[in-house]
Structure formats: C-alpha cells, structure tokens
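Letters are used for the chains, namely A, B, C, D, E and F, taken in the order the chains are written, and counting of residues starts over at 1 for each.
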Amino acid sequence: MFFHTQKLINPIAADEPDPAAANILQEGLGGQFGEMRTMMQYLFQSFNARGDAKPFKDLIQGVGIEEISHVELITTTINLLLDGSSRYQGKNAKTKAKGAAAKKAPKEPGAGGTTPLDEAPFAPNTHHFIVAPQCALPVDAAGNPWSGSYVYASGNLVLDLMYNLMLESTGRLQKCRIYEMSDNKTLRSTVAFLIARDHAHELAFAKALESLGVNWGKVLPIPNFDASQYPEVKKLMDLGIHLKQHHFRLDGSEMGKIFQGNSPVNDGTEVETEEEAPEGAPIEDLPERPEEFAPGLTPELLEMVEAVKRYK
Amino acid sequence: MFFHTQKLINPIAADEPDPAAANILQEGLGGQFGEMRTMMQYLFQSFNARGDAKPFKDLIQGVGIEEISHVELITTTINLLLDGSSRYQGKNAKTKAKGAAAKKAPKEPGAGGTTPLDEAPFAPNTHHFIVAPQCALPVDAAGNPWSGSYVYASGNLVLDLMYNLMLESTGRLQKCRIYEMSDNKTLRSTVAFLIARDHAHELAFAKALESLGVNWGKVLPIPNFDASQYPEVKKLMDLGIHLKQHHFRLDGSEMGKIFQGNSPVNDGTEVETEEEAPEGAPIEDLPERPEEFAPGLTPELLEMVEAVKRYK
Amino acid sequence: MFFHTQKLINPIAADEPDPAAANILQEGLGGQFGEMRTMMQYLFQSFNARGDAKPFKDLIQGVGIEEISHVELITTTINLLLDGSSRYQGKNAKTKAKGAAAKKAPKEPGAGGTTPLDEAPFAPNTHHFIVAPQCALPVDAAGNPWSGSYVYASGNLVLDLMYNLMLESTGRLQKCRIYEMSDNKTLRSTVAFLIARDHAHELAFAKALESLGVNWGKVLPIPNFDASQYPEVKKLMDLGIHLKQHHFRLDGSEMGKIFQGNSPVNDGTEVETEEEAPEGAPIEDLPERPEEFAPGLTPELLEMVEAVKRYK
Amino acid sequence: MFFHTQKLINPIAADEPDPAAANILQEGLGGQFGEMRTMMQYLFQSFNARGDAKPFKDLIQGVGIEEISHVELITTTINLLLDGSSRYQGKNAKTKAKGAAAKKAPKEPGAGGTTPLDEAPFAPNTHHFIVAPQCALPVDAAGNPWSGSYVYASGNLVLDLMYNLMLESTGRLQKCRIYEMSDNKTLRSTVAFLIARDHAHELAFAKALESLGVNWGKVLPIPNFDASQYPEVKKLMDLGIHLKQHHFRLDGSEMGKIFQGNSPVNDGTEVETEEEAPEGAPIEDLPERPEEFAPGLTPELLEMVEAVKRYK
Amino acid sequence: MFFHTQKLINPIAADEPDPAAANILQEGLGGQFGEMRTMMQYLFQSFNARGDAKPFKDLIQGVGIEEISHVELITTTINLLLDGSSRYQGKNAKTKAKGAAAKKAPKEPGAGGTTPLDEAPFAPNTHHFIVAPQCALPVDAAGNPWSGSYVYASGNLVLDLMYNLMLESTGRLQKCRIYEMSDNKTLRSTVAFLIARDHAHELAFAKALESLGVNWGKVLPIPNFDASQYPEVKKLMDLGIHLKQHHFRLDGSEMGKIFQGNSPVNDGTEVETEEEAPEGAPIEDLPERPEEFAPGLTPELLEMVEAVKRYK
Amino acid sequence: MFFHTQKLINPIAADEPDPAAANILQEGLGGQFGEMRTMMQYLFQSFNARGDAKPFKDLIQGVGIEEISHVELITTTINLLLDGSSRYQGKNAKTKAKGAAAKKAPKEPGAGGTTPLDEAPFAPNTHHFIVAPQCALPVDAAGNPWSGSYVYASGNLVLDLMYNLMLESTGRLQKCRIYEMSDNKTLRSTVAFLIARDHAHELAFAKALESLGVNWGKVLPIPNFDASQYPEVKKLMDLGIHLKQHHFRLDGSEMGKIFQGNSPVNDGTEVETEEEAPEGAPIEDLPERPEEFAPGLTPELLEMVEAVKRYK
C-alpha cells in the first residue's frame, strides 16, 4: 500500500521560464531511461520477485518508491519552466515577441482577436501549450509517449540487477548531457539532484552484484568522470547525497543489509542506508492560466469552489 | 513524496492457476482504462493543478495514490493466476497435458530435453512465459503495451473531472464484463473489490461535479445496474466499500470537504471520507520457478544471498 | 461535403455467430490493407490533389467515397458475426460450453455469480467482449490499432496510382485468403462482394495508368487467377460487379472519362462507369446485450428514451 | 451508404502561407481530439448501436457524417497554409530566405544545384515537405500518426454520450488555444468555424444526456467562457451556427426529437435541427508544385491527360 | 560494404509443421531481445563508434555481422515450421481438421467454395496466413512489430558493452524458455544453436569488460545453469560452439585481441577467435503455396519466367 | 551467410556540420521509404521466396544486400553532419552561439558549469545529442522509430515486384526533395549517390515486370524528370551508376538474366549487371566527444585499451 506527503523530495530553484529547457527535461520524465520508466520497472520487479532474497527485493523496491517522488519532482520542475513561457520576453527568449504578445496580455485572453500564445507554435513541443496547460506530459524530448514496452522484469535476479545498473548509468549519462545544454537554475537544481541520485542508484545495484561476487574494478561510476566539476552537483556530493539510500518504507526494510560498507567504485568511500526519509521541500501552487482555460473557473463556479472550501 | 507499507490493499482469495483469467485481468492493469492509467492520469492532474481549488486537487490526488496500491494488487493477482499454470492439469485446464508435461517436472527443468513449459505456446499471451517469469506485464488483454498517450490532463477542472468520471465508469463497465467471464476465485476477489472501488471513484468525481452545480438525476452509477447481484461484490457493498474514500495522505487532506453527504446517485445513500488507511492484507512470497530461471540462483550465489541475509 | 443514406452497399447473408470469422475479417476493416486505409488514403489523395487532372482526381475520390460505405458494410458484418457468440453452442463453436454458459442466460446477466461470457477469454481477440460490446474494433486481425502512418499520398500522380493499384491488389489477395479460411455465410457474402469490388478498383487504377501509356500485358488481375471458381464471387461477377464503378457524387463526376472501354486486363471485357448509386440493402438493428451493459438502459432511462421517441 | 458533393462545408479565407500555423492546425485534424477521431468514433458508435433508441443513434451518426466534411475542410485549410510556404518571404516568415531561395525559383526546381526548398528543414514538421507535397498529413501537431486506439465505442449509451461531450469540449478547448496562437486569416476562418461547431456538438450530446435526466447547471459550455469575444467566432455565433445541427441524411433523421428546445447550457437560448444541408463553398484546385514533383506530369504525360479530359 | 553467400550459418533439422512453435520462435526473430535487434544494435554501435579502440569496435561489429546470418537462419526456420501447416493433420496438430481441409487440397485452392486454410483462424498469429504466405514476419511472439526504439547505442563504450552483455543474456534466457516449450526438431535445431551462440556472445562482451578490469566472479553465464543438460545444445557445446567467435570480415579483424584466453566465466575453459567462416549449410527452396497465391504465377507468366531462366 | 569489408560503398564529401541537414537525411535512413526498410523488405522477400524463379529471387536479394551497405553509408553521413555541430559557429549555423559556447570548449566539458551543448535544445531532433552521441538514430525525419510493420512481403511475385518499384520510386522522390533542401556537400554526396542507385533499383524491378510482359511506355522513371540537372547526380549518371547493378554475392547470382539489355524506360539506354563489387571508399574514425562521454574512457581505462591493442 502506498502513501503520500505534501513535500517535494528536493527543492527547486527559481529562474525564468524556458520551454526549450522544459522540453529536454522531458527525456528525464517520459524518456526510455527516465523516471517513469525506473519507477514502473522497479515496482514490477519487486511485485514479481520470486524466492526469498528479501534484502534484494527490498533494495529494488526501495529505489522504486523513491522514483515515484522523482516523477513528482521532475514534473513539477517542467511545469515551472513552462509556466508563463508563452508570454515570456526575458533573457532566455530565443525570439523577440511581436505584436499583441509584446503588450501585457489582456484580462480576457484572446479578447478582440489578440494572440497571447503566439510563441507556442515555435516551441519545441507545441503539445505543451495545445494539449497540456503549459505543463509536463508523459512523453520524451522527441515527443514520443512513454511505453509499457520499456519495462524490463525478467525474473532472473542477476539479470534484473545488471539491467538496472545499466539503466541508472544511462539515466545519469543523459542527465549529464542535459546539464551541459542549459544553465537555467530551475533545470539545474533538479538535474543536479537526479545526477547525484542516479549515482547512488548505480551504486545500489552495483553493490548488490558485488555481494554476489562481481568485482567492478575501475569501470564505475558510469559515465566514468568526476561529476563534482559541476558546481550544483558538487554541493550535493559534499553532503554525500550520492552515497546514501533511504528506503521510504513505513514498516522497515532489509535494504541496509546490502547497501552498507565499501563503495563498489573501489575508491575508499562508503555507502549507507538511512532509516529516515529526507526532509523534503514545500510544494507551491501553480498560478491560473486563463489563456489556457486552466482551471477555467467562471465567477459562478468559483463561488461554488469557495463554498466547498468553507465546509466544516 | 511517496511511501510504502508491505500490505496489499485487499486480500486475494486462493484458487487454481488460470492463464486465460490472468490474461483478461491484464486489461484492468495495463489497458486503456486500467489501473496504470488511472494512477498516472490522476497523479499528472494533481501535479499539474492550477489555481487554489485545494479540495478538488486533494480529491484527485487521493484517488491517484490509491491507484498505485491497485496496481500492486492487480499485478499480484495476475501473478498468482499465472504461477505454476504451465504445468497445471486441474479443472480449469483447457487442454490435456501430454507427454513430458504430464509427469512431475524434473528437478532440473528441461533436463534430457523435456518440455515443462509445453502449455505456454497455447496461452492467450505467450509473453507471460517467454518475457515474464509467469508474471504480469504492463500490457492490456490484447497484448498492447501501456502508452503515455492515454494520460489526460487538460488543466480545465470541469473537463478533467468529467473525463475522470467517464474513465472510472468505463473501468467499472469492463470489470463487470470480466467478472462475467470467469468464476475463478482469485480473479473474482480482486475484480469484485475493483468494481466496488471504481464505484466509489465514480461517486467521488460525480460528487465533485455536483458541488459545481450538476444534478445527475438517475443516470448514475454507470453502468446503471445493481452490482450487489454479484455475490462477491455484495459482500463488499454490505460493508459500504463503494461509498467510502480514504485519502492515503500522511499529512492530511481536504478531500473530505467534497466527498461527504448525499450520494450523487440520488438514491438516499451517503458517502464519506475516512482519515485512516484500510487495514490491508499480508503479501506472500512467490515461489521459485526454476523452469523460468527465476530467480535463477545457483548454490554458489544462494550462499552469498544467505550471507547478505545474515548481516547485522 | 458528405451525406448518408440508411442503406448498406450490399446485403449480408445470415449465418451462425463465429468470433474467429469475425477476427479474420478485422484485417479487412482495420488492417494495413483494409477498408479504413483505402478510405483515408483516397480521401487524402483527392483533397491534396495538385494541378487540373480532374478525371484522375474524380476517379480516386469516387473510389474513396465508396470505401466509406465499405467500412460501414464490413463493420456491420463483423458485428453480426460477434453478436451472441459468447453464448453460442452451435456447429461453429470450437469448444463446448460448460457450466453456467450451457444454461439459458439469466435475465440479469451474471446474477448469482453466473458467467454468461465464459467463452470470451478464449476468443481470438478478447477486446471484442471487454472493450467493445460484441462489436467490431478499428484494429487488424492481430489486434494492432489502425495507424495514420498507413496513408500514402505522395502528390505524384503516377506514383499514387501505382500505389493504389498495389494496395487494391493486396486487399484482394488477403480477402481471397480469408475466403479460403471460413465458409460462414455471413463472412462469405461480404468477402465475396469485396473481392469483386477490389477487382473493380484494381481495374480503375490500372486503367488510369493505361491512359498514361502503360500496357499491362497479362499480369492483371493480381492475384492472377479466376475468382469465379468461388461460387459466391461468381454470382457477383456474372452481374459484372467487378467491371463497374459508381461515382457516389451528388453533383457529377468526370471519372467516366477514364473508366470506360477495354479492360486493362486485356481479356476482351469492357469496364463502365455508372451514374446511379447501387440500390443498397436495409440495415437491421442490433439487439440489446445486457451481459455487455449495452445499451444499458434501466427502466427509468428507457421511459425517457420512449418520451423522446414520441416527440412530434 | 455515403455520398459527396463538391462543396466545402465552410469557406476558407485567403492569407499568406504559414507552415507553423499549418502545423498547429494538424492537432485539429489528426490529433487525439481532432476531426479524424470524432468522425471515426461517431461512425463506429452508430454502426455498433444496440437496441432501438433511434433518435440517439441518429444524433450520433448525424454529427459523425458532418465530421467527414470537417476532415475535408481542415485538410484543405492546412494545404492552403503550406502551399508555397517553402519559398515564402513575407510577413509571417520566421527566418530570412537566403541564397538561391531568395531568387525566383527556376522553372526546373533544383536545376544547377539550387535549393528551392531550403526553408523546409526548419519547418515544425519536415514531413510536410519530404513525405507530403506541401500538404496535410494524418498526424497531430507533434507528428504522431493518428491511431485507431483513440476510437471509443463502449456500447453503453450513457457512457458513449458522456465521452462524446467530453471529446467535443476538449476539441473546443484545444481550438480556442490554437486560435490564440495565430492571427493568420486562413487558420482563423477554419478554427473559428470549428469552435462554433464543437460548441453545437457539445450541446447535442449534453442535450441527449439532459433528455435522460441530467441537469447541467452552469458548467456548460466547456471551456466556460464567452467565445464571442473572438471576432471571427462572434460573426458565426451571431448567425446561430453554434445552436444548429444539420443531419446530412438523404433519407431523413430522428435527431430533431432530441436536438430542439431549450439549450442544456440553461442560458435561455434554444437549439434547433435543420433539415437542409448548409450551402457550402466552392473548392479551389491546388496549383502544381514542380519542386515537389506534384503532380509530376511531363509534357508527354500531360498530353495524355489532356486526351482523357477531351473524352466524350 | 556487405556480401552474401548462399549458405545457412547452421543446418535446420526436418520435422512436422507447427504454427504454435513458429509463433514462439518469432520472439527470437522480431522480439525486443531477438536477432533483428541484436543485428541493428551492434551495426549502429559499430558505425557510430568514437575514438580508436579498434579491437572493441571490431568485436561489436563482428557479432553484428553474424546476427544478419542469424536473422536469415531463424526466418528460414519459422518458414519451415509454417509451410503447409494449414492443412497439416499429424501428431502436433492441436485440433482435428474438419470438412474440406481433411481431404487433399484441390489443385485450385478454394475452388467450389472449399476452405483449404480453415485452420488459420485458430493459429496463434493469423497474420502468418493472411499477411504472409505461411512465412515469418518481423514481429514478436505477441504480434508486436519490431521497433527502432529497441536499438541502444549510447556512444559510451563501457555502457554499450554492459547493455550488450545483458541483451545476449536475456536472449539466451528467452531461448532456454522456448526450448522447454516445444520438442519440435525444426525449432530445437535452431534454438539450440542460438543458445550456444548467445552464450558465446555473452562471453565476448563479458571478456571485453574483463579486459577493462571487471572480474565477474561466479555470476556468468546468465542464466546461470549448465545448458548441456539439453541434448541438442550439448552436441554443439561438445564442439565448443559456445566458446568460439568468427569475425565474418573479408579484410581481417582485431577482435581476436580481446576474445582469446581464459573464459570470463572463470571455470578454466578458454575462448578463441576463428579467422575462417563456418562451413554453412545449403538453403532449400520453399515450395509453391497456391492457396496463398504465392508466387502466384499463371501458366502464361511461368512461361516468361522460364524464358528468363534460359537466358545466356 | 553475410560478410563485411571495411569500405564504404561510396565516398562522402567533407563539409561543415549541419544538424538540420542530418535530420532530413534521417528520413532516408529510418523513414518509411528509407534504407532500413528497403534492406529488411528485400531480405524478407528473398528469405521467404516460394517456387523456383531463381533469377527473380537473386535480383531482389541482390538489391537487399546492397541496401545494408546503404544503411552503413547514410548512417556514417549523418554522423559526419552531426559531429561537433553543438559547438559549431560557421556559415550554416542558424543561431549565434552565446556565452560559454562561444569560447573554446574546456578540456573537461561542463567543468565549472559551462554549457558546451547549449545549441542542442534547438536542434530539430534533440535525441541526436541526448540519446545518441551526436550520431544517427534508427528514426525518420519526424523522430518516429522505424517499424517492422513497414516490411511488405506478400509472397506474390508480381505484387512484391510492383511494391518494390513503387518503394524505390518513392525513395527517389523523397531524396530529390531532400536534395533541394540543402547544398551541404556532405549531404549532397550521399543523396546524389542514392538518387542514382534508387534509379537503378527502379529499373531493376521495372525490368523484372517487363520480363513478365508489362510495357511501361513513358511513365518511367518516377518521378519523371531528368535528374542530371542536379550537378552532383550528373557526375554519377555520366558514369552510368544509375544503369548498373552489382550482385554482392560471393558465390554468384542469376540476377543478370533479368537485368540486361534495353532499359524499361524505353529511352534507348541499356542496363547491365556487374559481377565485381564496387571499389568502395575508406571509413574514417569518428573523433572522441568528451562532452557526450563517448567513448568515455578515463586514463585508467585507456591504459587497458592500449594493452589490448598491443596484444600479439
């Protein structure tokens, strides 16, 4: 059974809207190696686990639970990058706003035939404005919808662990590439966190394989470079974010029997399982977007919403 | 942020294996109107909610969190229906096992060229045996993988609520059809529970629209019939399972401001929000399936697993 | 602009229900070379036609309009093959009905836990019973949904005509194979008609290319055999159904400038364009299927439907 | 049976070419909530209708027939927005034409190595120039092909009507967003017409549900705003285009038993069924595009086309 | 540049036709972990290789070239399993042939309305008979078409090698499961060969990673069992088929610098690169299938084919 | 059985990087009418050939083998167009590089938070930088992955030949359009070669149909224009590249019995089969791209690679 608390797993830095940054971040949400995939893959592997290798099942499921919170985090980050971007004219704007868009949007969007969304046809993914209300979609950076065929759960423990290690490494590789594509602070705060967490997940699956006898020599982490050269990642690594694993279980976990002791990277560091959940960060409401008819409440409907809110 | 506890949201009854029953149940897991879809749709709608209509957001998210537990429940149910089915020769077996399969499977499956999986080519979905280890897949009853294009999150509150009402009604419609397709007790226990819960979710979204002014007259529930004629559903309805909603939030929810009072079905019943989570049922381990190489641990690897389990 | 009249383009013979026959016929509806594809392809080609080669555009569009009526015909045929099949126990039934299904279905399907749909899990496509109410779906015989990527409209006249010739030939090839798979009269009446009409469409596109200078020698029709060896097709060929083309335009067509005179098959026959539409056959209502909750009207709702029907 | 007349259902205003406007309009053609989908969904629902609720079947089919004409209209509109756009250098051009493209295209496109299509690689969907000859495609605004999995036809009348209401509302929502993205007159004339017609279709399905007992209060139309603030839509609403429904049947329809009297919006307006089809507007030929080899007729082939045209 | 010689890479044993065996073997051809995928993945990885690690590129490409021959082998095997199966009545037939099918097929299939293909509607994939002429398709065992999204080529050498090791292990896992599903000798001869070759490919990629410092301990091969308990595999292993690698290059390869010496399985065996290609086996012609209109040559066309064959 | 030699089938001219040119060229690689499709279609048709029309089978397979080399050629061309493009600032750059990207990329990409890939979010397909390391993907110019459903192999010889003729003609049509979209010399050298080769393949299939009795009159080639007006194509046509066919068989081919004598274009030219393979061009190594972590070898790993290279 699953539960929720109204906290983001990591805070998101404020910066200006940027639909191109939002679009590349979609790869981390709905891409073949993104958070929706890791979430569903680890949940299926743990629901389908055979035999009684409980610490291994708990490790896989523990990472899987965390990934639901990553889906929440990256969706929210994309929302912040898109919100208001159609009328945005600041430093990250690739093209100059023209005509109606250059003026303040009227109270009634489109009234008199104005075009408050006239930047949208030139956005990398116009669905962010036509299908979604300047919000994230379950698609990748090329607009392909997420597919159930991504999920890998062979039932063979060694194989599942090896796939997961490769999956986290690819996720980290792609996020490092995305990091080098944009210095938007909103994007960077989440990408840096996910680089550190994918690092920890790599270690988790590598450690599980090490416990079965593999010695990784010097090939880990993958990609094999010092991510602390990225300032935003360095701050998190200095806190050891890439070496810790929470289990997100309300009734305990045996994950810690595997994820403890020497790092499988063989660099002298140590990994550690935390019993307590991270503190988390507050979630802000997204403002209304009348030009998207979202939430689209008229004065009459708003009055009813207020009546509901006053209840009890 | 999300958390997990090792309980199923509802107990699963024991019965004999039945791959055809497992296959039709896949529609409820990975189908266009199945639990993976409701889960992702409501989570996206709540992450992307605009404006401050908090009770509505909490209602949608509350149902969404529950749906993760439904994914866990239905996946586990399919696993139980598939487990061991390839060698099964009891009353639900459609064809008689022949040759090698009729004998007890040897300790080493396939040793000497035997065919312990010789019923698998005739199963409705052979992927349950080739791709998965006699376990559930994120696909529908026709084998189509789940798709991100199913998720609907328009940002318009009235529209999202109306879609959700239609979605739950279709889910309930399909599950009632599935109920009439099989009397396998394992399938029935979960289908009956989901019929009752889809009923409650219909009421939740219908009630939210009622609070905005819609009067549903006599069209609800959809499909419009008395599900208590199904004995397994009747037991749950007698407990009021179709009239209650838990919020699954560790830090509280405003869902109860909407989901309370007269049912939108206009039949004199009352709906109610529960603060406490349901008690839940224990999760059993799935046995090893050597003929699927799952988990595929050799004596040497098993010894290392045991060493891990002894840790601390 | 398009119009409709309540006639089927060809009558459908009565026979017993047969879900396996229904399933293979799906290829002719939603398959890569089925009627939905020819319909959309020719409509797109005619909407997108460049230059002023009007007789060619009219020929393509004339066939395209006919294809909408073919979609109506084949959908209705599949419906008749599926209707009631879940409880069917006659000569085409592959397996013996057991238990509850062997008794007359109760007035309230599923009441008391009975299983009126217990043959459905063994149908070739369970979606015919779970997703549709024993009715056709826009999918092929392997369950793949129809895709817009099938539509070919290159804008090059010679290329479009050659593709269309190949498309109709493949359609005819597949329908001849389907003919040899079942002797169900319902299936046969529609398949025979479509074999004859695909033949005519082959001739239409071959004749258009002949008018541009190609001499087809003896390779036509494709597949190159005498379809009059199929008794149901012979009856239609004796009426010349495979040599005529209606234009289905209310305001005239220039198609006849191409489709007239010697057949491009070079066998001495002549082809001809008809100004009048075919007479057509009446469309019967499908009965209610309470076990599918279709249409699912309760006594109260039925009363309102009756009130609507009495209006004026 | 279906018929055609060579009229567009609404005239299209002239304006300059604009491939970005063409691309966003693709959502209305091949998108999940576009005209191809409404067309196929309503046709399937009417072909598959069970029971004898004829006015309801006629209402659904009447809207379905109209949608075929909408597919024709929107396809033609996209064609006009794309035609010639690759060499276009006027006010809507996002980038300056360079080099060869800046000169008048030579009689033989590409002769001497020139690049008459050098803007195409920067168009939102390069398939408009590589796959289609500057014409519409059966895809959405993100380039995804239309899918048969979009079609919803559950067989349950209430559920189908509710889905259709939601579908039309989403169509109207997306078209209002598209309206606000571009002031191109060609796009606007068709988008404004479709906003008014989706409005009428919303009313049609809402009215059908009202006749079954639902009272919609103040939630309709969806999105809930006054579209007459858009000048192009206002002109059509002043003519009552959003309150009328034609049935497009040559042999009569019972749709009018439902679609008459007070609007389900509860604003005092009245809805009405028209027996006569709309007048329609002439369809113009698209010019040749030699740089696309469309229709690609050489002098020799043209001569044969002329011979065909002179026939009889 | 690529070349071909008319030899199969391994001989195929004769046995009776078996469409269910053909269908499960499709997973090995067009499945997510089948031969089409390994072929395209290794070719893309080698075409896209960066830097000058030539022995590694040659190893990956060498396996990739071999995979094209595997596609040829498995396609041919499926063809042999399907050929004639529609009229087959021998020991593997699941259902009894009835009516016309029980008699010898007439010279003109379907003449007089007979049904030579009447077993086809009950085949696991009817496309084998409707779309293909009793031949293989580029799809998996659930009928899903092969997808380019399967191909993984990250550009990171360690990651690509690790993915490839996992890919071969999964291929071997699935083929071992398929082995246990059928004792058809035609299927077994090819599956046994591919189990041995996937084993060798596992070793190739594991050895490449070992050369970069990884020690695999006792986790290899995956799945971790002794495949020589399968008699058909044992014969090949006794010949060392699972320990050798040919490079299939006409102008030499540096693959042998990696694939030599101690096996990465750490069991004391040695691996070895062969300069010479395997001897191969002859390819037999498939017979005509008039009931599929394949090749569908009439006496007149056959005469022209004969004229062509006599040329020079 | 298949073999490889380390030569490209045609040399590639050097020019500046151009991601938009790379993207349109993807249509020729992974598009519905691109080289991956022709390759797989002809291989399947030849593996599945029925009857003993050997010269026809050899013709189809001969073209199919050549297509594997075309996949190698076009993949390599796209790689060269992408390589280094993210930091490129020369004449083809659509936008000016800003900030960090304007400086020489640091030795450690991204060090200190720089953005060496900051042009990538604006590339037509961001997957070229996020998923691939500035390399080709098995997708089309709109980002859709290649699909097995493209492959057509009906088993009917006339139909397969006609489809193949149409397929090559469409391939040539699209490549002519692509030619007119860019004057990048790298793109042009490969596109010009493929225009000439598609021309030859058109002739091959047209000639095969001519040998069965079709007279093509003046409709060929398709599109019907003189491609020698394109200077890069003229050079190849002057060498007769469009009139020759190699068979790429190490043990001989009967293709020459068909492909000889008068061209089916009926223009007085002659076609000819060559026994010898083309000379080919050397393949250059792609440089490392540290900003993509490709191949991502650290000094320690590089040392091991060097040790491997020194072996023997």
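In this section, a contact is a pair of C-beta atoms (placed from the backbone, for glycine too) under 8 Å apart; a residue touches a chain by one contact, two chains touch by 3 or more.
Note that the coordinates shown come from a computational prediction; the quantities given were computed from them, not determined experimentally.
Chains that count as touching both chain A and chain F, per the definition above, are D, E.
Here the chain-to-chain distance from chain B to chain E, counted in touching steps, is 1. Among the remaining chains, A is positioned farthest from chain C, on the basis of C-alpha centroids. Taking the mean Cα position of each chain as its centre, F sits at the greatest distance from chain B. Look at where the CA atoms of chain D average out and do the same for chain E: the two points lie 47 Å apart. Mean C-alpha positions place chain B and chain D at a centre distance of 39 Å. For chain C, the set of residues touching two or more other chains reads 32, 131, 139, 143-145, 147, 149, 154, 156, 158-159, 173, 212-213, 218-219, 222-224, 292-293, 296-297, 300-301.
Shown here, the protein chains touch in an arrangement that is not a line, ring, star or fully connected set.
The set of touching chain pairs reads A-B, A-D, A-E, A-F, B-C, B-D, B-E, C-D, C-E, C-F, D-F, E-F, using the touch definition from the header. By the touch criterion given at the top, residues 32, 144, 147, 149, 154, 156, 158-159, 162-163, 165-166, 169-170, 173, 209, 212-219, 222-224 of chain B touch chain D in their complex. The touching residues of chain A, counted against chain D in their complex, run 95, 99-100, 108-118, 120-122, 125-127, 129-131, 139, 143-145, 291-293, 296-298, 300-301.
The touching residues of chain C, counted against chain E in their complex, run 20-21, 23-24, 27, 31-32, 94, 124, 140-144, 173-174, 176-183, 188, 218-219, 222-225, 229-232. Every residue of chain C that touches chain D in the complex is listed here, in rising order: 1-9, 30, 36, 40, 43-44, 47-56, 61, 65, 68-69, 71-72, 75-76, 79, 131-133, 135-139, 145-149, 151, 153-159, 211-213, 248-251, 254, 256-258, 260, 277-278, 280, 285-289, 292-297, 300-301, 304-305, 307-309, 311-312.
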